[in-house]
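The two complexes that follow have subunit A in common; it is paired with subunit B in the first and with subunit C in the second.
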Partner chain A sequence: MRKRITLYSLTFSLPLLLWQLVFFVFPLAFLVALSFWTVKNFRMEPAFDTINWVTMYGRSVFWQSYGLTLALAAGASVLTSILAFPCSFAIAFKLTPKMRQLAIFMMVIPFFTSYLVRVYSWQIFLSDNGIINGLLGLTGLEPIGMLNTVFATMIGYLTLCFPLVVLLQLFSLMFIDRTLIEAAHNLRCGRLRTVFEVVIPSARVGLVVAALFAFILSFGDFVSPVYLGGGDPTTLSILITDTTKSGQQWPRAAVIALTMIGTLLAVAFAAISFAYKGRGK
Partner chain B sequence: MNNFNRSKFVEFGLRFYILLSFGFVFAPIAASFVFSFNSDRFPSIPLGSFSTEWYQAVATDPLVWDGLRNTLFVGFIVSVVSTILGFGAAYTDFRYRFFGKSVYMALALLPPTIPVVIMGLAMLAYLSRINLSGQSISVIISHIVICSPFAMAITRLRLSQMDPDLEAAAWNLGASEWAAMRYVIVPFALPAIFGALFITMAVSFDEFAISWFVSGLNETLPVKVLGFLQGQVSPRINAIGTFVFVTSMTLVIIAQILLTRQMRDTNIVAKD
Partner chain C sequence: MQNEPLVTFNGVIKKFGGFVAVQKLDLEIHKGEFLAIMGSSGCGKTTTLRMLAGLDAPTEGEIRLSGKPINDLPTWQRDTPMVWQSLALFPFLNVIENVEFALKMRGVGAKERRSRAENWLERMQISEFATRNIAQLSGGQRQRVALARSLVVEPEILLLDEPLSALDANLKVRMQSVLQGLQQELGITFVYVTHSQSEAFSMADRVVIMSKGVVEQVGTAQEIYRAPKTRFVAEFLGSSNIFSGKCDGNGNLETAVGKLHLPKAGTTQRKGQSATIVILDTRAHLSVTQPKGDVDFVRANVIGEEFTGATATIYLEAEDGSELRVQKDHETLAALPINVGQSLYVSWQPNETHLIPDV
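Then we have the complex of A and B:
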């Protein structure tokens, strides 16, 4: 390892650093400054005024959205983790290596494939005259209103998070020492008990990180609550888009955004310390 | 393995659950495909007749073509720049140790974890302050921020399969650092570089939220779709959607084939 700073080393390290400083750190830092600006006659003016914070935090609507968003994201995170676990467990332990590789290959595809259009397509299934109600109609049952409900929003969050959560869970499950599981079986430990007392504790870090990503993704998403949940009641991300696009209330939108970042940081920190708690003994 | 804790029923159930999961994941993609060829205005079952009228409607819509041209233009520049930046960062992490490296790595990897609405708002506010908002360049700048981490991760994985002594060997044989880069590192990382090009293009191609905030009138195709969604229910979205799915799936599949093949090649070399 040579430690000198050379033209060569700077050629490779500097471009990304500069780019992320100028176009990632600065915009986020500017958001902090912006939250103290004032809006007069629909024009923003640089200032140092806590009015935006006071106004937003004084509104019960804001806190309702905050609670709702938190609850939805936590719900989505738990639901996705629970529904994804049997899938990743089965892929990790019940498939041949070749089939496992194929399954991973297939799970990566949707992660990079337009979430927006996939959510739109769910409308085809869930709308009043959609596929599911069409099937119900054929069996003579009454149609169910599914669109614009929390159920539909959850379907959207699942669409967003499920592939990523399966992949993250899978990577931690694949690295579990299999002799541990065999040892448990040899000691006549039941199937479910093995899962809860051997598999899940061994894969804890990966499982928590997966749940954390599901939380982050659904906490910031505005597509599912708008197009599947009907946009009412409002989540924080909807509040941001509305506040930004209607008029010049960007400073207030900045307050919401910063509150969201603070919440995400706190949750991420709590989750990571929970994941590593008691490790390294 | 002993046969305690094995039951055919559970084995079958778990495998069936995998199928069910893939069914859930691919159902919207399949539905979009099927209904894009369906003649009925409102999607439902039973299906109407086979029809390509929605594709014709889309193909003759100049707005769609504008959006597509913007998307491709943006995607091409974004993928090239992000791959270059990501490669540089991956190589830096591979070769150097320095003070503040964890901060450097955080900057290199964190951007995709920030919710897109927040990134969108921050970029809009910041870029309009420096007079760069409402143009294609605004979308390009923001997309490079969120795409280069993917390029970085992909290249870094590839470099970790390389023996660090290879580069040192090249120096000892008289190659300059630049020559070692040109003849050792880049050829070794080439599959990952191409993989990164395709993945970043797919990410840029599908990104709509930040684009929606910063693009102004130079909308990319996904932003047009967002506009469509707010307007009306139209099977035309299924036609565009199918096109979008096919395009990004192709990009991701090519990238994955490149990346898994490189892994197999390395394993064969390692076994020899």
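Then we have the complex of A and C:
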């Protein structure tokens, strides 16, 4: 039997549908269309020309930047997940309920401040005359060039992703059935081994989703690679701004943006299917 | 020594904050016996089991396994596998991987692991589900996986925490016979925690009855049923008429329903000593007229009837409010006017009662 469309059901579903159309489908469609436009004398003209795709995909700079952005985002995702896990594990299993509430609250606080502001404050720490090098100087050590390196970019990605990853991991760890952990201990699985044999497999979906979010956030991030990494090496987000600035090449920027969206969709799909792999139907 | 106990609880106390879950537990569990620990929820039975498994540490006292104290041994160094009420099967592993888990933890090689696990699946008649997900199994199949997972390491003792409580009645009876068969076949010790009398009495060699952290009685099903040691046990079993009162020194007990004879056997009771007598519902009789001869009787009104198959149990209420019960076959009951509110005499032979002297 087909469901009848009633005014009642429309009241609830229509706003969502409209929202999706106006703010997601239309812009995306426009972006696709834009990628086939041409630019003549710094003016964009509607057209259907594959020249932008051919040009961009033919450039080694683009592919270098693509590979680098992918590697950086993957690195940030893995690093954040590994660093966040002991933290979320401790909050989920070692703290009393009261302390756990407090810890969750503390993890929300970073979201109060703009990410840009937090990145600027890192500059104060990392720059050549910054706080860390100042402290090193006091102990008589040579200053280390930290700003405008991949290391600083990573610090920025961690700043962006860490609190969210901890929260996402935490919520998956908190819902693990404790008797599973007891059962593992009971079957001679020691404490550390239980983490790998039982805790991580049990929380797999949440852990993968957390890592996926870290990947998505870092992959598209513009702030850290520019203000901490110094724009070198060039990530895709930097490449987009460069492309738009140089000769009004919005159509080429659209090609980059669409490639990024495609990549994120593929990664997200792969991650989610990995997360649910082997689960009962 | 031939009869060295496998497990000994020596004055074991367990407190959770201010709450005393287990008070001064002394208990011996023998090799190869099927021991059931029974009681209502919060009586300390599960805590006792968890202390034996090493999941809770005793506050005081000592637990010995095969003669060695195990208080300080973490659970992953004990060989006390447990079957949980929730079964606690690993949902991210398939059936055979679940069964292999304990072997893997012991460093058994992949090949031997697989063959031993397959053996157990066959034994539990679940071979065909070896590669299934846990979520795809029925309740009874999961039960078998849980048993295989614990037994695959061939332990000396198996702990079971109300494993059958989630099953429907038919399956429960089937699994009871599976459990009993396994225990006899393997000759290992089963410690079985339950709140169900029928499970405990039908399977166990000995039953421990606990209440509020204290062991009320330990014995075979027959012993406990025929001769409950405390009023609590008699009430818990729920198949007796129970009267408490004070002895008058002449072989009678003054109770709220009148003067009743104490059973002839046993010691004479001092005047003024309080005691309880228990009459099994199968030993009590019903009549419309006042019974004659050397019997005790109480007049009471019918308040209800419960059909229990070949017999029925009639519930009555005496004038003082105390409840009585009589179990009879249907022919006997057909001759009696069993209507709610009908006044009848409940009678019994004084020497068929059981006496519980108050301590």
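Assume the second predicted complex is superposed on the first by the 258 of 281 C-alpha atoms of A that agree within 3 Å, B and C clash if a C-alpha of one lies under 4 Å from a C-alpha of the other, contacts with A are read in each partner's own complex, and residues count from 1 in each chain.
Convention: a residue touches a chain if its C-beta (ideal position, glycine included) is under 8 Å from a C-beta of that chain, and two chains touch if they have at least 3 such contacts.
Just so you know, these numbers come straight off a predicted model, no measurement behind them.
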Original post:
When the two structures are overlaid on chain A, which partner does A:Ala275 contact: first (subunit B), second (subunit C), both, or neither?
Top reply: neither
**OP:** Could you tell me if A:Leu79 is touching subunit B, subunit C, both of them or neither one (first, second, both, neither)?
**Re:** neither
Subject >> subunit B versus subunit C, judged by how many residues of subunit A each one touches >> reply: B
**OP:** Tell me which partner A:Gly190 touches in the superposition: subunit B (first), subunit C (second), both or neither.
**Re:** both
**OP:** With the two complexes superposed on chain A, say which partner A:Leu31 touches: subunit B (first), subunit C (second), both, or neither.
**Re:** first
Subject >> subunit B versus subunit C as contact partner of A:Ile51, first or second or both or neither >> reply: neither
Original post:
Counting only touches as set out at the top, which of subunit B and subunit C does A:Val39 meet: first, second, both, neither?
Top reply: neither
Original post:
Which partner does A:Thr179 contact after superposing on A: first (subunit B), second (subunit C), both, neither?
Top reply: second
Original post:
After lining up the shared chain so the two structures overlap, which partner does A:Val205 touch, if you call subunit B first and subunit C second: first, second, both or neither?
Top reply: neither
Subject >> Doubly contacted subunit A residues - partners subunit C and subunit B >> reply: 182, 185-186, 188, 190-191
Original post:
Taking the complex as given, what residues does subunit A use to touch subunit C?
Top reply: 177, 179-180, 182-191, 193, 197-198, 201-202, 204, 278-281
Subject >> Residue ranges of subunit A touching subunit B (in the complex, touch as defined) >> reply: 1, 3, 6, 8-9, 11-17, 19-21, 23-28, 30-31, 34, 84, 86-87, 89-91, 94-95, 101, 103, 105-110, 112-125, 127, 129-131, 134-135, 158-159, 162-163, 166, 182, 185-186, 188, 190-191, 194, 213, 216-217, 219-223, 227, 237, 240-241, 244, 250, 253-254, 257, 260-261, 264
Subject >> Complex contact set, residues of subunit C against subunit A >> reply: 53-55, 74-77, 79-82, 84, 86, 88-93, 101-102, 105-106, 133-136, 149-150, 153
Original post:
Considering the complex alone, what residue numbers of subunit B touch subunit A?
Top reply: 1-2, 4-5, 10-11, 14-15, 17-18, 21-22, 24-29, 31-32, 35, 42-46, 84-89, 91-92, 95-98, 104, 107-108, 110-111, 113-127, 129, 141-142, 144-145, 148, 152, 177-178, 181, 199, 202-203, 206, 208-209, 213, 222, 225-226, 229, 233, 237-238, 240-241, 244-245, 248-249, 251-253, 256, 260
